[in-house]
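First, the structure itself, so that you have it in front of you.
Chains: A, B, C and D, in written order; residue numbering restarts at 1 for each.
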Amino acid sequence: MGARSGQDFIDRLAQRHPHVQIDGETLTDGGLHRHPAFAGLARSYAALYDLQAGPERDTLTFASPSSGERVATSFLVPRTYEDLVKRRTAFSTWANYSFGTLGRTGDYLNSGLMALSEASSWFSESNKEFGENLVRYVEKVREEDLLTTHTLIPPQVNRSVAASQQAGGTLAARVVAEDDNGIVVRGARMVATIAPIADEILVFPSTVLRNTPEDEPYSYAFAVPLDAPGLRLIARQPVLHGRGSFDEPLASRFEESDALVIFDDVHVPYERVFVLRDTAICNQFYTRTSATAHMTHQVAARTLAKSEFYLGLLSAMAESIGIGQFGHIQEDLAEVINIVEIQKALIQSAETQAAVNDFGVLTPKWEPLNTSRNWFPKVAQRLPAIVRKFGAGGLMGLPGAEDVFGAAADDVATYLQGKAIDGPDRVRLFKLAFDASISSFAGRQTLYENFFFGDPVRMAGALANSYDRTELTQRVWDFVKRED
Amino acid sequence: MGARSGQDFIDRLAQRHPHVQIDGETLTDGGLHRHPAFAGLARSYAALYDLQAGPERDTLTFASPSSGERVATSFLVPRTYEDLVKRRTAFSTWANYSFGTLGRTGDYLNSGLMALSEASSWFSESNKEFGENLVRYVEKVREEDLLTTHTLIPPQVNRSVAASQQAGGTLAARVVAEDDNGIVVRGARMVATIAPIADEILVFPSTVLRNTPEDEPYSYAFAVPLDAPGLRLIARQPVLHGRGSFDEPLASRFEESDALVIFDDVHVPYERVFVLRDTAICNQFYTRTSATAHMTHQVAARTLAKSEFYLGLLSAMAESIGIGQFGHIQEDLAEVINIVEIQKALIQSAETQAAVNDFGVLTPKWEPLNTSRNWFPKVAQRLPAIVRKFGAGGLMGLPGAEDVFGAAADDVATYLQGKAIDGPDRVRLFKLAFDASISSFAGRQTLYENFFFGDPVRMAGALANSYDRTELTQRVWDFVKRED
Amino acid sequence: MGARSGQDFIDRLAQRHPHVQIDGETLTDGGLHRHPAFAGLARSYAALYDLQAGPERDTLTFASPSSGERVATSFLVPRTYEDLVKRRTAFSTWANYSFGTLGRTGDYLNSGLMALSEASSWFSESNKEFGENLVRYVEKVREEDLLTTHTLIPPQVNRSVAASQQAGGTLAARVVAEDDNGIVVRGARMVATIAPIADEILVFPSTVLRNTPEDEPYSYAFAVPLDAPGLRLIARQPVLHGRGSFDEPLASRFEESDALVIFDDVHVPYERVFVLRDTAICNQFYTRTSATAHMTHQVAARTLAKSEFYLGLLSAMAESIGIGQFGHIQEDLAEVINIVEIQKALIQSAETQAAVNDFGVLTPKWEPLNTSRNWFPKVAQRLPAIVRKFGAGGLMGLPGAEDVFGAAADDVATYLQGKAIDGPDRVRLFKLAFDASISSFAGRQTLYENFFFGDPVRMAGALANSYDRTELTQRVWDFVKRED
Amino acid sequence: MGARSGQDFIDRLAQRHPHVQIDGETLTDGGLHRHPAFAGLARSYAALYDLQAGPERDTLTFASPSSGERVATSFLVPRTYEDLVKRRTAFSTWANYSFGTLGRTGDYLNSGLMALSEASSWFSESNKEFGENLVRYVEKVREEDLLTTHTLIPPQVNRSVAASQQAGGTLAARVVAEDDNGIVVRGARMVATIAPIADEILVFPSTVLRNTPEDEPYSYAFAVPLDAPGLRLIARQPVLHGRGSFDEPLASRFEESDALVIFDDVHVPYERVFVLRDTAICNQFYTRTSATAHMTHQVAARTLAKSEFYLGLLSAMAESIGIGQFGHIQEDLAEVINIVEIQKALIQSAETQAAVNDFGVLTPKWEPLNTSRNWFPKVAQRLPAIVRKFGAGGLMGLPGAEDVFGAAADDVATYLQGKAIDGPDRVRLFKLAFDASISSFAGRQTLYENFFFGDPVRMAGALANSYDRTELTQRVWDFVKRED
């Protein structure tokens, strides 16, 4: 069938019946695209799918090597520099739609699946069938344009011990049984974003595993539909409040929902298992296959879109209230310009220095992308702070839509106008700024970026340990011993 | 009548009929303490008033010099160090109730009124009656324990010009007429916090005025009841969402509401006018009278309560998920400990070095308080960031009360437990952390602290210009020219 | 004999014969006050001693309880608030002489010795004689006004193991033998500041010791004269360059010298031993006795003097080149004003809340002082950075004294004048700024402040672990469980 | 003659007789390469020239289009991407020699001269001869491989007024007369780096000029030899102290000298004048010609070399004392890794997106380079701070070479050894760290980077004002008005 339209996405969603717990409701009858907590999000995702058939079709899709149908560009196996640029342009096209606030659009995990599938020979080293399962599964996701999510982290009851030791090993999702047809999984994983509107959930390796019998049941990779029997989602309370797109311009459209995933003896057929009881494969899952590189490529395009959004927003705010000429405002603008340019440069540098990996996939250079994912979480904290600085008291007293266009219309027109902008437009702009810097939605975004790839402290350790500093260190020793 | 009880406060509120526009409703029938946007706040304020009759009565009240009734300590004219300590202990008692999140409790403006009233002779220099008006008015507020708010900033249509130049002078509130009985005021002021539940609004000098005819109509100080004819409030959309105290532990109780105030030809009788067409008095209003010092004394006690709250919250979080032994967590804890200790020291230092002002009022030393109000807005930005760091993914997936105690109770008990804490309590604690670092309520608090006393950049300029650096500069010149 | 004059200090120095290795010279003949590396420093220290007989005599000295002679105020056992103020005023008087750049003036360690001596009963619990030794030794230092230094850190060959494990236990100074008269010490300690011009060196407990036989030889406290047989100093290369006080206004006067101390079987008579083979006493040495509190009291006064110096310097610079009206310059000035005020407040707060310790000594409150010593090392890094910002290119091209007053005099007068200041004075001021922000002297000061009390990361851990957060944490739990 | 050898450079230097005032000496007899203040620097520059004939010859030189001789690559007019890479590789080769600490190696200004010369048609619009002068002059510099420096800033007597207003217009260098053969220049400019060892000085437009008669005399561009009659240099006091390369490993080799330049009626023949009395040309001098882009390309390569140096240095330090496994050390290493990768990415991004300018020169994209030069001055402040953090007490007590290899050799071997490194090598490494973070040389480097392109606050303003934010702003307005 190939790349879906928005309606295709909605139709399929209408047929799924995941078990979702949210705000006092137990939803099991499907149709979640109509539920107020998910409707805005479903519409936004549908709009992204619709883009695949619009003017950007050639960017967003390519001809499937198996079916010949147009399928999503995120599945395009890059062989040339132009392929990488096409992939990134597709990422950016989607990311700009939401100003980078949607973090789990399909292209993110599709990019990982593409890389994993190309590396199927490596999976087959562990078990021939697993490699084949992977290829078949990825083809299915591509051809049906399925929306996947994933879930990584074990419950964090006590951060000072490993997953397998949490509460006597009864918490983290693990393989508790095997039968002729597949495996049985029990336990939980934290934070599956967009799970209520996704088709499939990928349950892939998360934290580092030890090569011990104790860790074996935690060593696996598989995929199941979100409405697999025994699978339950407990969604967090939404950060949207039903106020509509004027009052919650970002949240009403882009609130993605995060859920705790509980596996209550979920049976997974073998054809959907890609790794089993192999800690070595698990620990190298992302790096050996270049999956991380391709996923990070998508993330960098998304966070660039977000940085550009903040630069545009700040520029619009500065104009609207006449503060652009102040020195400290210009310093802040310069800071954000530098963020945008640095992010662009890291992406371009990764692309122009791409190299073919062991599986024939042209892979963006890792070092610039690794820097991007270590650096952006820090600057992401600055962006809303600068918006608050620009907006100041102007962000403090924003009336709601019904007042702006109702009884208070005259007052808004007079007292909330801007320098060269009428009252309602100024309120609109500042509502957007509010939703980008103050609202719960903004708060959740700030948190999300900070921990997108995991704990920044551990990531810094991993970066320092993996980065090859030998030659630079040797230069220093050579100088130290230079005789002259 | 003296210090009110919570019921007194509610009863009076029930009788007022301010004109409030909020979220599509035009409220003119009073009874705002029952409106969902204000009910939680009204209850919290009522609870503060109730404290005045509880075990802390001796701290929170003193015998009125005129009536002999117990009245609020914030009106106690300090003559001794013990008086200052009593005042601050009263501030802290109230501030701790809301963890410092309530920014407009009565003691804030009462402290200013006390100082202004004592300086009435200075007001009388401009107009004998004005000084007397002030004394009478302050006595009324004290004896009736009225809740006042104030509103300072002119509408910010264009920040590069003065208030009197905004949109041809038609925006900022100004005196447009005078008759035998009083003055008529037209125009708007921004951001009156708690206005919908306050008794009175103080309309005092705000930005610096030029000694020109053009600025004269903007030069005044007066007070009116919130339900004065012609006075309209346009309240911002609330940052609480009706989810109850489990889900919004801070917002449900302490969301203060901010409103735009419109004076549609409000008539103010002369007995409530304290300054009129006197720019010199206006520009020295706060400093000459020590009003700022006493108000900042209250603010410092409040922001100390807030700092202590964050330290307690972070400590509880660290315990609950077992992260207290990590070095980077300890660094953050140390940072917050230092914030608490610095704030304590600034307060104590101001108190122990207090001096009697020109009007016989023992006044806390200004320099430490000025540092407190310039320094806290910066560190206030750090506190929620550290909470997010500690909470990490644990703040991402919090289910609502109805799930925690309903269908998801078993899952919550198992998967959301902490290191030494059951599931529901962990969710409770993390909901509080969410409301202190991520929610719209948290976002509004962050903004509010940053701009509490005005634009930090301008405040820094004022601090640099007013601080006496002569002696320290001379020391350097002496050294430069030292011969040895 | 009591408080010394500068001449007394020099005379005694002339008689000592420490073994000092410096810049290719092996000095064993004494007279170090004439050596170019130490002469400027010795003059500055002499000037401090001279102050004891000048107009500040009453502040800097008091009548000895044993001899009745005037002795240094740093030995005054505080019983009243006034005593604490007198002590601090004396600290400040000395600190202001060097703008806080002299870190080892006698009052620092004298303050510790005073506290240790008062706690002699606690030392006697371990060994009756040790307590008595301590009292006698401290009396000697006080009555003879000896200048002591100390040395704490074991050599840092490998920071990941304990002192006793460095290079097989052959590095750190340790007790290797005992005889009837005393102990024999072998090994090294790092960084004894001012050792070449000091009379005595205190070798006190440093890092935490384990209660194991292995750590016993490292568990001691004793004092020896700097010219004890077998004791060798290897002084670091100086950060002064013999250019005179015009070109190196700070370094030429206040470069303190740091030395590695080697104990080549130094014999220490028992009467100078205060702790031996008692790890418990060693680990509580500073806190149990309040020695740290009194030493930190001195340090806080010194770092306040330094902060005030930077504020004066920056003010003079801003005036001299006409930059005081720029917004970003005012922000920096405000930052330094806040540093000065915070430091003042922490000191005053510690003093006004002082309490009598177990040994009858009125001791400044620890928490504000602990914050001061954790907080100042961070802000100390900012101060020179701000000086560089103010000075900019003006710090880049400063000619030397011989040019300024020689062949280039006319050019300097014309081209290096300031806004309201002649060329030579501007160069003088900027030379001072250079020596406070760019020179090796400035660099060493920056390093020194950062590590004055040890590694800031470990200090933060110690602060977090020792600070009582129980009540604040309980407040949060009470709120979490509040029903309303 | 083409690319010079070190000896060529020295020989030419030996023949020049600039008038240099330094540290009490008036030097007019030439031979400055033998003067202790300049000898080390001259040797380093000579070494760079020698590289042009060594194994890197093909990178560092190319065949002159006029003479066919090998000339410096910095004069290669880039037409292809490979040309840009060759240019940058040449920049890096030289920069790595000094770890990026030499800021005025010939390739910096050569890059500007190359671009200016190619844009000669634009200069000819003002005056036909000026364009031709420029081409001839640049050819001369290229073919003779002359070393040029420049000087930009007018004396900063009072930063709040323009150059032409300083001290009644008597300070800044200006044209005071014209005759048949040329112009006469009087006044001063600040900070000509390496002037004492340079062949030529470029006196080019500096600050923005107004199109007024008053500013005309300040509107010019010309070049003169450093020993032109009437030209005097007042060199700042050096930041090297004659201690040799062990003790001052960077300063002894790379201390560049900065000088005040005084034009005492210097006559400049017309053939060396490129702009005269044309404020419009002056104000567009760098941007219109792409000179800034090519100069910044060189600077970015240099600051990358510097960043890499710090990363290598920190890595060597961490290994040598065994601190690499600490979390906070890894965070710092990750920060520096990110700096290196960002700098690399900005350079590559500028190169791969290069475009041909109006004069046919392939020019690196400006935005990434502009970000590099705005961003690096900030991170440059962090690098020495991290070195101090790593080195800690180990940087405090470093003995001099004569001690390390003399009387203290045994003690150094024992007590200053590292984890896997002998004593002298550890001292060597830490001396290098000292010279990169604490010494006057390090301080001057920190200052220099911060102000390399001018005041960072003004640069931020220029960046904000020049960066095209229209499209990003429009995106925000489109979203604000999106109906859905």
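In the analysis below, a residue touches a chain if its C-beta (ideal position, glycine included) is under 8 Å from a C-beta of that chain, and two chains touch if they have at least 3 such contacts.
This one's a predicted model, so the numbers in the text were calculated from it and none came from an experiment.
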Counting C-beta pairs in contact for B-D and for B-C, the higher total belongs to B-C
Most remote chain w.r.t. Chain B, using mean C-alpha positions, is D
Comparing contact pairs by residue number, the option in A-B, B-C or A-C matching A-D for over half of them is B-C
Chain B to chain D, mean C-alpha position gap in Å, rounds to 53
Between the Cα centroids of chain C and chain D the separation in whole angstrom comes to 40
Cα centroid separation, chain B vs chain C, in Å, comes to 43
Where chain A touches two or more other chains simultaneously, the residues are 326-328, 331, 457
Interface with chain A, chain C side, in the complex: residues 326-328, 331
Touching chain D in the complex, chain C uses residues 21-24, 26, 153, 155-161, 167, 170-171, 188, 190-191, 232, 234-237, 239, 241, 243, 247, 258-260, 262, 321-323, 325-326, 328, 381, 385, 388-389, 391-403, 406-408, 411-412, 414-419, 434, 437-440, 442-444, 446-448, 450-451, 455, 457
The chain A residues in contact with chain D across the complex are 43, 47, 96, 99, 245, 249, 253, 308-309, 311-313, 315-316, 319, 324, 327, 329-331, 333-335, 337-338, 341-342, 344-346, 348-350, 352-353, 367-368, 370-371, 374-375, 425, 428-429, 432, 457, 459-461, 463-465, 467, 469, 472-477, 479-481, 484
